[in-house]
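Both complexes shown next keep chain A, but they swap its partner, so chain B is in the first and chain C is in the second.
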Partner chain A sequence: MGKKEAPPTGTAAVKHSLTEKLKNENAALILLVIVSMIVFGITVPNFMTVGNIFNLLVQASTIGLPAIGLTFILITAGNDLSLPTNMACSAILGCAVMQKTQNTFLGVIAILAIAVCFGVINGFSVAKLKMVPMIVTLAIQTLNVGISEFYTQGTSVGGLPQSFYRIFSSSLFGVVPVSVIIFLLTAFVMHQILTKTVFGRELFQTGINEKAARVNGVNTTRILFVIYVIGGFMAGISGVLMAARLKAAGTSMGPVSAFNNIICACVLGGASVWGGKGTILGTLIGSIVMAIITNVMNLLNVNFFVTYVVKGIIIILVCYLDVLRNQEKER
Partner chain B sequence: MAEQITLEIKNISKSFPGVRALDHVSIEARGGEIIGLIGVNGAGKSTLMNILGGVFPQTEGEIRINGQEIQIKSPQDAEKYGIGFIHQEPVMFQYMTVAENISVSRLHGKVNYKELNAAARKHLEQMNCDIDPRKRVADLPIGERQMVEIARALSSGGKILLFDEPTASFTDKEKQRLFEVIRELKKAGSCIFFISHFLDEVEELTDRTIVLRDGKVVINGKTADISRKDILRNMIGGEMAKVDNEEERKFEKVLMRVDNLTAGDKPDHVSFDLYEGEVLGIWGLMGAGRTEILRALYGLDKADEGTVSLDLGDGRGLQAIPFARMSEYCGYVTEARHDDGCLLPWSVWENMSAPNLKNYKRNRLFLDFNRQKEESRVYCKRLNVKTPSVFTKVSTLSGGNQQKVIMAKWLMKKPKVFFIDEPTRGVDVGAKAEIQRMVRELAAQGSSCLVVSSEIEELSAVCDRVVILNRGRLTGELLKKEIDKDTLMHLCV
Partner chain C sequence: MKRKLAIVLSLAFVISAIAGCGSKEAPAAEAPAAEAPEAEADAPEPAEDSAPAGGKVLKVGVSWAHYNDALFYAWGDGMEQVLKDNCKDHGFDSVEWISLVAEDDASKQASDISDLVTQGCDVIISYPFDNQAITSSVQECKDAGIPIVLWDRNIAEGASPAPDLFVGLDTYNQAYEAGKVFFQEMIDAGETPTDIISIIGATNDNNALNRQKGFEDAAREFNLTIAQTVPSDWDSEKALTGFTAAFQAHPNCNTVLIASDFIVTAVQTVLESNDAWHVNGEDGHIWICSQDGFPTGCEFMQDGYMDCSGMYSVEGMCSDFSDAIFQIIDGSYAGEAELYSDPLIVSAKDIAGMSDLWGIKYAE
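And then the complex of A and B:
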């Protein structure tokens, strides 16, 4: 990754830079995934089947795509509560276009464009108008829910062209779902952008110290704007994949509560709500962890409302983990 | 006059790591007297006031009020002994009412607003002030906030009032009103300390002048008997230190032209030229708007008026540049290293390449990290940055080395113009000389520098020319050979 290089003065101790530490955190997470896979594989029936593993990865992609967007936003200590509702809302409106025109291409473009539009509204409000991210995106969330419910009237938008399902909900070689491939590809590209481009480095500068970033000539307004647009775009991709899988778009695709899984995935993966930190690899693994938790509770037939209680507890624990990490940083 | 309050300060000393801020200071003061306290930045004025106000605990020496020895350990203690501290920037609860602010230390349980407002009105009237006590502090202009702050000190029975540069952000009218109030308070028997950078204010208002230098009292006498020249000489201390006797250099080509730069009330219609290869100093007292000039030029603060042009060396001469794009052509070493200078959690190489990423691309998309590290290593060596390696986090380096990392990041960018704000504040003596030499080298290589510093020695060591700033306006200009303390002080106060 271009970062492997012997330090000049032979001091091994100083090489434990931030990137090293994050890698170690990721290693711990991967270990957690493997151990839980083994434990659940033995104890939970039907867990260790090929079908279920890919099912699990599909679930991970639903959490992971918006979580990738949120990782960019969290690095600036921002937030985007509208990610899941944006996903549902843009899928509903875009699928309506697809249903009317029976044109897959046009429909997919519509979904992505509408999702990006909401991202633009978020980005403009936060970057240019200096509004508080939490409030703006909460407002957009409410707006999304309103539009979705009003348009669908509690039903869902179906009757989409067959080619749409064929492209986006098929499986490569009959086993690897296309949505998983798109998820991993997107993660790879976003990882490259975050770690190896001017934009990525400027994004971290903005998150670590916005004032210093401005002195360094970073256009922090532009950075803040762009990340919310990226967030919208990620919600759009997720919306396309989910609509294809469900063969329809409805409000249940992106309930407000889905945000919990998304932010948990990010924070488990090393991002911090205080800003300045985050990796795509971490978020990827974080979303797999969240998918495992959901999956296992499904397989064990845990009562739907009890899963809410469990997830609530997980969020509290993850937030505390974030606090602990931050104290470590300050020391 | 009723019973007279007396304050005796005996042999007060205070040290901070590396600095003797106060060195056996003894002052006597009594009610009905206004004492002007002056000195350059770092002379110990604020330290003395902070000890009296209970902000810093008193460690050495003794303080007596009316002959009785007291210990001031906290601002609450100070209030108990009748010492009121009126800060430069009023520290208040913006969204509480005037009356609530005045009685804030006595607010608990059920509050009787009728009584509260009446008490506030009484103290405000004492100063001929007709501020409505029910108004929110946030809605008051700054001058009136100062009045509220004074009323707060009076309401807790303040007999000794400390004014720390109260006029710094005042209009002339507000200032005159404040002076009237202070004279009223004097008549009522209060003992008043008045800190100011402005000699005319001290001459106009005070009965006695005390000059501090390096933590010692160097003048203590009737204001009327002391000449301004004496004050200035004693503020600075002796003659000027010897500086490098470099030849006067000739400059021909204007590299940057600033025209009528205005942003809020400072800078106020500032115009100057910066020549290629020149080091231009901006000298002025604290609050004169030095940093504000740099920030406005660099596009960090919005300029209301004015233009800046640069000669980009493309044969088209001076071209107007939008302020927002100045960061492409300039480097800015800021005053507050930790605040906006470095990215503390980042390593040395990451900090050094941060402003210059566009020049470290491997191809159209990706960055070349190896080249960033290599060049950082070269500059670490060249600037003598003491760090175990370029992978070391900047937060673990000393102040001087952090400053060198900041200098290095701009040197690596090779901008047309360097903005340098207080480059050696909080830096040890060795690094200080190195940094100053670095500025000279930059100029020798043809870069232009705009340097802000409060230290006259520093300016005369590094600058070819100095412009003088007073309350946001340029009031004079001196060439290298003319830079001397008396002239500078005369032009800026």
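And then the complex of A and C:
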């Protein structure tokens, strides 16, 4: 009889159970993505082409980057309704800087800085002032829309330097879009932060039980503040990539309705609106699933009124999944 | 286990729902040739029924910014019908019509057009939401060697690359000509336009700006000025709020100019609440000139509440489109890159016998 390995204890136990959970929860989703890719590859014309796969990943990145930010926030049972409008607003103002200076570097920094600023406002309001996340971020959403509309007067900011497009909307070796590379790299880095750092562990502790985490010495105020800043930063990266893709920045690139897809990607990927759960890998796969659904419906020429119905059903199912997960967690 | 099962089942449900909703056409080589069905005037069937069964197929992809009112139905049906009517003369047996809606999201519209490129459409038509951002999709189509036509909204001034074709209405002329007819009729009826209120559309829409300029220039010809301009953002709710305030600020107003008559019900609500909603000929009638010729506008003109409209000639636009598109596809087109059809200027007194107007056809 072999020697039975003793179960890990203390911090190692938390880390071990976290890793196991990640593996289990994502395995079903990964399997489903693979199966659906094979099924759609056989049944849907033009689905399994190199061009369409990267097209699909580009579409996933527009959902996925803000969804990564939202995953951090959902883990604490928070919410950030301002992600799409923050993305549009920061892109508009940053692109205005870029247009006036014709300096790509300055413009990109401006987009990221402005997006982070809105994240700081959200974070400060939620963490320090103890304001309700949904209300604060709804207010910032309104602020974003107001600033964007006021500045652009409804038009888009174009005329950006060619170097901006060359860098951010080009493809590596003429095949892999830069936006996909940035998306995957960002996901990898954020996954490391969430799973391999003290911050990540403290974030989960805060999400599972904020009071207990505070008693255990976790600076929950700092955690709550930082996650909204991360959310803002993700919105900023998304704003940069989308402005490069559309060759312009306007209010139309961050409609309020885009939040549906973002939160669906997170919850589908295992995050819970009740907090304490969520993985970057899951969100990444959730984003891809959302992109696959839209892409396949387009390729199959599904009547667009039916697409609304399908999306509505998905949102209901995803909400129900979250309820099931939460019930299991409570047991 | 229950959780995993739920995930798999829910997504399997979605996948099966998608598969069940997809086009059911047989592969071209296996199925016998069938005649394209007659287009129905009252229903948009973007997917299944328009799919061909055999022969050389003209694959047309359409990306709409939105598809939320009767004008889009009229445009979609009209374009599809002229292509079906004329495809055989240009070497095609049938038309496959793929219609996608971007839900007023520029990013989704870019993705939709990428999906249409992936499907290998012979031509892509787009009614863009953002006239600057659409240039990236125009470039994508050009890179893929697929002709792209912009419908009703052209790219922003100074933006590039230009589409292969733009088909639209001369919206400045639409408002200018309608305004001139309208003001002349008012003056002929012994009325003096007073405290004119103009409800404009979205400020990012060239058509809205052109119409406002057209109305202003028409008013100027009669030495009139617009007392107040109300932005609506093409939203009836905003039009209602803005017009309520404007009408209170100008109680002597007897003239209202509207950028599109799909928001005329907002004007009706305000005028009714101020006891100012009367047919022409009654005391206290407020003179109204609008644009587009939506079913509601046509109905109000037939009833005498609205007085004049610069309407879309849907048939004219579709005819211009049909004349050019086959030549663009085979690379022989040498005509204008921008085709503007003339508006139909219709007065309330003339509308009784005009059953061909798109707004009357789509009233049901």
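Just so we're on the same page, the second predicted complex is superposed on the first by the 302 of 331 C-alpha atoms of A that agree within 3 Å, B and C clash if a C-alpha of one lies under 4 Å from a C-alpha of the other, contacts with A are read in each partner's own complex, and residues count from 1 in each chain.
Everything that follows uses one rule, which is that a contact is a pair of C-beta atoms (placed from the backbone, for glycine too) under 8 Å apart; a residue touches a chain by one contact, two chains touch by 3 or more.
This one's a predicted model, so the numbers in the text were calculated from it and none came from an experiment.
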> Just chain B (first), just chain C (second), both, or neither: which does A:298 touch?
Replying inline: second
>> Looking at A:178, would you say it contacts chain B, chain C, both, or neither? Reply first, second, both or neither.
In response: neither
> Does chain B (first) or chain C (second) touch A:310, or do both, or does neither?
Replying inline: second
>> Quick one: is A:255 in contact with chain B, with chain C, with both, or with neither? Answer first, second, both or neither.
In response: second
>> After the superposition on A, what does A:158 contact: first (chain B), second (chain C), both or neither?
In response: second
>> Applying the document's definition of touch, where does A:324 land relative to chain B and chain C: first, second, both, or neither?
In response: second
> What is the contact status of A:201 with respect to chain B (first) and chain C (second): first, second, both, or neither?
Replying inline: first
> chain A residues in contact: does chain B have more, or chain C?
Replying inline: C
> Given the touch rule stated above, what does A:224 touch, chain B (first), chain C (second), both, or neither?
Replying inline: neither
>> Just to be sure I read the superposition right, which of the two partners does A:237 touch: chain B = first, chain C = second, or both, or neither?
In response: neither
> What residues on chain A does chain C touch that chain B touches too?
Replying inline: none
>> Considering only the defined contacts, which chain A positions touch chain C in the complex?
In response: 24, 28-29, 32, 36, 39, 43-46, 49, 51-52, 55, 58-59, 62, 152-159, 169, 242, 245-248, 250-253, 255, 257-258, 289, 293-304, 306-307, 310, 313-314, 317-318, 320-321, 324-325, 328
> For chain B, which residues count as touching chain A in their complex?
Replying inline: 298, 300, 327-328, 332, 334, 339-347, 354-355, 357-358, 361, 365-367, 369-370, 373, 377, 388-393, 409
> Residues of chain C touching chain A in their complex?
Replying inline: 2-4, 6-8, 10-15, 17-19, 21-23, 45-48, 51, 67, 98-101, 103-108, 110-112, 114-120, 129-133, 135-136, 139, 156, 158-159, 202-205, 233
>> If we count contacts the way the header does, which residues on chain A are in touch with chain B in the complex?
In response: 2-3, 5, 7-9, 11, 14-15, 17-18, 192, 196-198, 201-202, 205, 208-209, 211-217, 276, 329
